[in-house]
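Two complexes follow with subunit A in common, the first pairing it with subunit B and the second with subunit C.
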Partner chain A sequence: MGGKVTCTLGEVKNRADFIVYWGGNPAECHPRHFTKYTLMQKSRWLPRGRKDRTMVLVDIRETKSAKAADIFLQVRPGCDFELLSILRAMVRDEPVDPDAVAETGIAYDVLEDLVRRMKSCRFGCMFFGMGLSMTRGKHMNSAALLTLAAELNAFTKFVAMPMRGHGNVTGADVIMRWQTGYPFGITFNRGYPRYNPGEFSTVDVLVRGDCDAAFIIGADPGATMPQPAIDHLARIPTIVLDPHVTHTSRLARVHITTAPAGIAAPGTAYRMDEIPLPLKPALKSPYPTDEEIVRRIREAVATRPFWMPEDSPQMTTEQL
Partner chain B sequence: MTLQTIDNATCTFCGCVCDDIQLHHDQMRIHKAKSACVLGTAWFLNHTAERHYPDALIDGREATVDEAVEMAAALLHEADMPLVYGMSNTTCEAQKECVALADQLGGLLDSHTSL
Partner chain C sequence: MIRLTLKRPPAVPLEAEVLSPSLLAGLSHTEICGLHLYHGKRRMRVDEFFDVEGERSSTVDITGDLRRVRWLGRGMTDGTLTIHGSAGMHLGARMKGGRIEVFGNADDWVGAEMTNGLVRIHGHAGGQIGGAYRGSLRGMKNGTIIVEGTAGLEVGLRMRRGTIVIGGRVRDFCGLQMKGGTIILLDGAEIRTGAWMNRGTILSLRSLKLLPTFRFACYDNPTFIGVHARFLKPLGIRLPHAPTEGSWARYCGDFCVPGKGEIFIWHPAAAPEPAVSEL
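Now for the complex of A and B:
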């Protein structure tokens, strides 16, 4: 996420007078986002709350979130990258091809109005969801949106933030960045971390059949991944840690039931704006925590011979 | 029946991680999640402290946690290219242990983000 221009949700709540949601449906997926942060809150700089804010929704279909929007732009599926590139050109007053604009499904004068609003707001924020980052173009779409946000800072204050899904997926990014220097798609097979999404990212690894064992925690790829990836998980020894017996547990060699985080297990979780928050579990689980089980497995692995020969020239860290 | 309350509890269902939820519970289940949205309420009310599942399963048969931990360590140690994946619905403390495990194994490490 190097180069991301962003802020906390507290700043959005107090200052953002122009909000864009791109490829997300907060009304149904993040139901309190509008009321707590982006639309309804009043502040010193936005004393009239909703009336002081403008909200734009960009999506391929009219979701429930469109009802809350002032402007809804229905982009043709798969044209997000093109639309973002056109907006980047228009922000700089560069000419754009009318055919390319027509291809996105949105009229030129609508885009002209959007660009004028973007440049003239006091504090703009673009939130982007999986409708942008997981469709044609994938991470290049996210990069285009983050670049647009960065470039708008030549005119006004503008930031961007991903709308993260499942609970602590932000925490996973943060912890991996802290421990390895990279956010995901990492290998330690040379004894030090290397990063290459596409080569080391899970779907690709599983579909190609690269890995020969899998340890799955806090996820259910057996329910969400493409079938060839699931087939490979069933072929290799898979170990699952989860509060429930999941689809993945059913095709795994080993399943261990653990306490659900935040309900019966204590710890820390990151909000989507990378603010760490302590968990306050209400219940006492009969099962151990994820933390305890992963530590015990790591300790059990550590009693066995280390995988890399001791005289290997690649050995870079002192091993216990 | 009097319920115990927890103020400013944190909901980890979605990325908003709302930390202003008031939970009313009787130690076995949560009966009310005040301020939570429809998704958060379902999240809190559907988890209980009951023993719904076996402690562990090895090849579909019930096993103890000790056996399952040993088996997991043996399988991961045997592998040439083990993968550590997921880490969404868990704590940062567990995520840090996962990074250490992948490092110890010389394996792959990845999260939901890259899907």
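Now for the complex of A and C:
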């Protein structure tokens, strides 16, 4: 695995002369991304702004973002992993069958030109969206793109970054990472964190019906998750903390209205490049903040003894 | 023989890593009943979930709907574990020897990171069979896993050595990042077979849709397939290998990594060999 080679959006704004958006539609989903960071800004290293930058869009259909792109590559749906594999092979100068390349919906010479541009740019950046990470192949699609970005560092500076969605999802990942060592898909049932996406990730736990209660903060799984997961949420006691009444609130036993973060509640939000930004509330809310509710629940739970007996063995991988 | 019968299905996953023949072999009936299982976060005694018969034996029979019972036979070194019903995740994970037989289905991570032994599933199995846990570099290092039904995603994820045989159809990413060993597919696989494989061998009796980063090499009847066929014969699996029966098309890859892996696809003699340009 390659891991993630990344940077901040400040670096992208000042230095990135080659931008790839893969499986995302920033013109409609992240409307300020072009103007604030990736395309329009001028800097010491890119004095002519947009003219000094090249933007490539890879997607399965021509979205509004295609108008802003210099090169638009329309990949056949479900062929992202194949296309990334071909690019990785071409970067390594391995011969690839042009007919096999054509099956991905993109001609061989177009890819040759793309690889030449990728290798010859000064600072490349790839942004990828749900069109890549949530289609067939899922985490392996993202892994292929991140590995391609890592391997391009043999030729030039290249980074990759996910286009994160609404809410403070990056913040959730970052906090879980420094608290437990893992970003998501964690269980604490043995008293210490264990990580296994597919076994402990929320959607899998709900679809299999492996939990007997759910506590949901700042998310609306009732609107986004598959039907078996929603059915399970309706079966078990579900508690929702949200400023609004959501789809999940409607099937929950308890809904606690909270003050909206950033408007009436202070806190820290993480930008998609994992930069923490403090939030200053502009208004006062009659409702408590998420933090206050969780702290009060935690204080009530802390009065009870720790559930795990002292001599419980750990299920660490080193045990055997 | 030790016989365990599930009394009631667990409401949440039951982590039962103590139910391994090599651990139970030296214990009396009372000691077995007093072992700990983890029902969610609650610690429970074995006799709260299972009726226990017998003691001091390395032959263990477990009966019931065990779909939520995880880690059965974890790290076992010898003995026999027979499961009548469907087993949960991590069956035989990290096992070092012995034999597991399941008359039913199994879930993900069967025989993950095992180093030796035999696992046989008579029904279907989930994904990551013989795989490496997240963050780990190597999957199974030796041993044999046989699944008679279908299997899920990422079969043989990062496996290092050993043999996996799947009777039914396998889903995507079979042999992902393989570093060695052999996967035998008796009924083919869906897409992306052998993705990112460094070394290792995948044999398929049905045609496969390969990644564009694989290259055709030759038609061949290599000797080692005959050796595999002889090894699998006592296990009731017939692998064709004689030149009179047909030949294997050999593909090399995966060329997006330093790929020295190989995929063999069987062409029976009755069907004419496709011309190289058609591949």
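The rule is short, and it goes like this: the second predicted complex is superposed on the first by the 305 of 320 C-alpha atoms of A that agree within 3 Å, B and C clash if a C-alpha of one lies under 4 Å from a C-alpha of the other, contacts with A are read in each partner's own complex, and residues count from 1 in each chain.
What we mean here is this: a residue touches a chain if its C-beta (ideal position, glycine included) is under 8 Å from a C-beta of that chain, and two chains touch if they have at least 3 such contacts.
All of these numbers come straight from a predicted model, not from anything done at the bench.
Q: By the touch definition at the top of the document, which applies to A:25: first (subunit B), second (subunit C), both, or neither?
A: So A:25 meets neither subunit B nor subunit C here.
Q: After lining up the shared chain so the two structures overlap, which partner does A:36 touch, if you call subunit B first and subunit C second: first, second, both or neither?
A: first
Q: Once chain A of both complexes is superposed, is A:309 in touch with subunit B (first), subunit C (second), both, or neither?
A: It touches subunit C, and subunit B stays clear.
Q: Is A:88 touching anything from subunit B or subunit C once the two structures are fitted on A? First, second, both or neither.
A: After superposing on A, A:88 lies in contact with subunit C but is clear of subunit B.
Q: Considering only the touch criterion stated at the top, classify A:203 as touching first (subunit B), second (subunit C), both, or neither.
A: Once the two structures are laid over each other on A, A:203 reaches subunit B alone.
Q: Examine A:101 and indicate which partner it touches, taking first as subunit B and second as subunit C; both and neither are also allowed.
A: In the superposition, A:101 touches subunit C alone.
Q: Give one of first, second, both or neither to describe whether A:189 is in contact with subunit B, with subunit C, with both, or with none.
A: The answer is both, since A:189 touches subunit B and subunit C.
Q: Does the superposition put A:141 against subunit B (first), subunit C (second), both, or neither?
A: neither
Q: For the three-chain arrangement built by superposition, which of subunit B and subunit C touches the greater number of subunit A residues?
A: B
Q: Examine A:246 and indicate which partner it touches, taking first as subunit B and second as subunit C; both and neither are also allowed.
A: After superposing on A, A:246 lies clear of both subunit B and subunit C.
Q: If you lay the two complexes on top of each other, which residues of subunit A touch subunit B in one and subunit C in the other?
A: In the superposed arrangement, which is not itself an observed complex, subunit A uses residues 188-189, 191, 197, 210-212, 307-308 for both subunit B and subunit C.
Q: Under the definition above, what is the set of subunit B residues touching subunit A in their complex?
A: 4, 6, 8-19, 23, 25, 27-30, 37-39, 43-44, 47-59, 65, 68-73, 75-115
Q: List the residues on subunit A that touch subunit C in their complex, please.
A: Answer in residue numbers: 81-82, 85-86, 88-89, 92, 94-97, 100-101, 103-104, 136-137, 140, 188-191, 195-199, 210-212, 307-309, 312, 315, 317, 320.
Q: Spell out the residues on subunit C that touch subunit A in their complex, using ranges where they run on.
A: Going by the criterion above, the answer is residues 11-13, 15, 17, 36, 38, 40-43, 68, 71, 74-75, 89, 94, 108-109, 127-128, 133-136, 172-173, 176, 192, 195, 211-213, 215, 254-257.
Q: Which subunit A residues qualify as touching subunit B in the complex?
A: Against subunit B, subunit A makes touches at 29-33, 36, 134, 163-176, 179-180, 183-189, 191, 193, 197, 200-203, 205-206, 210-219, 221, 224-225, 236-237, 239, 241, 243-245, 249, 252-257, 260-272, 275-280, 282-291, 293-298, 300-302, 304, 307-308.
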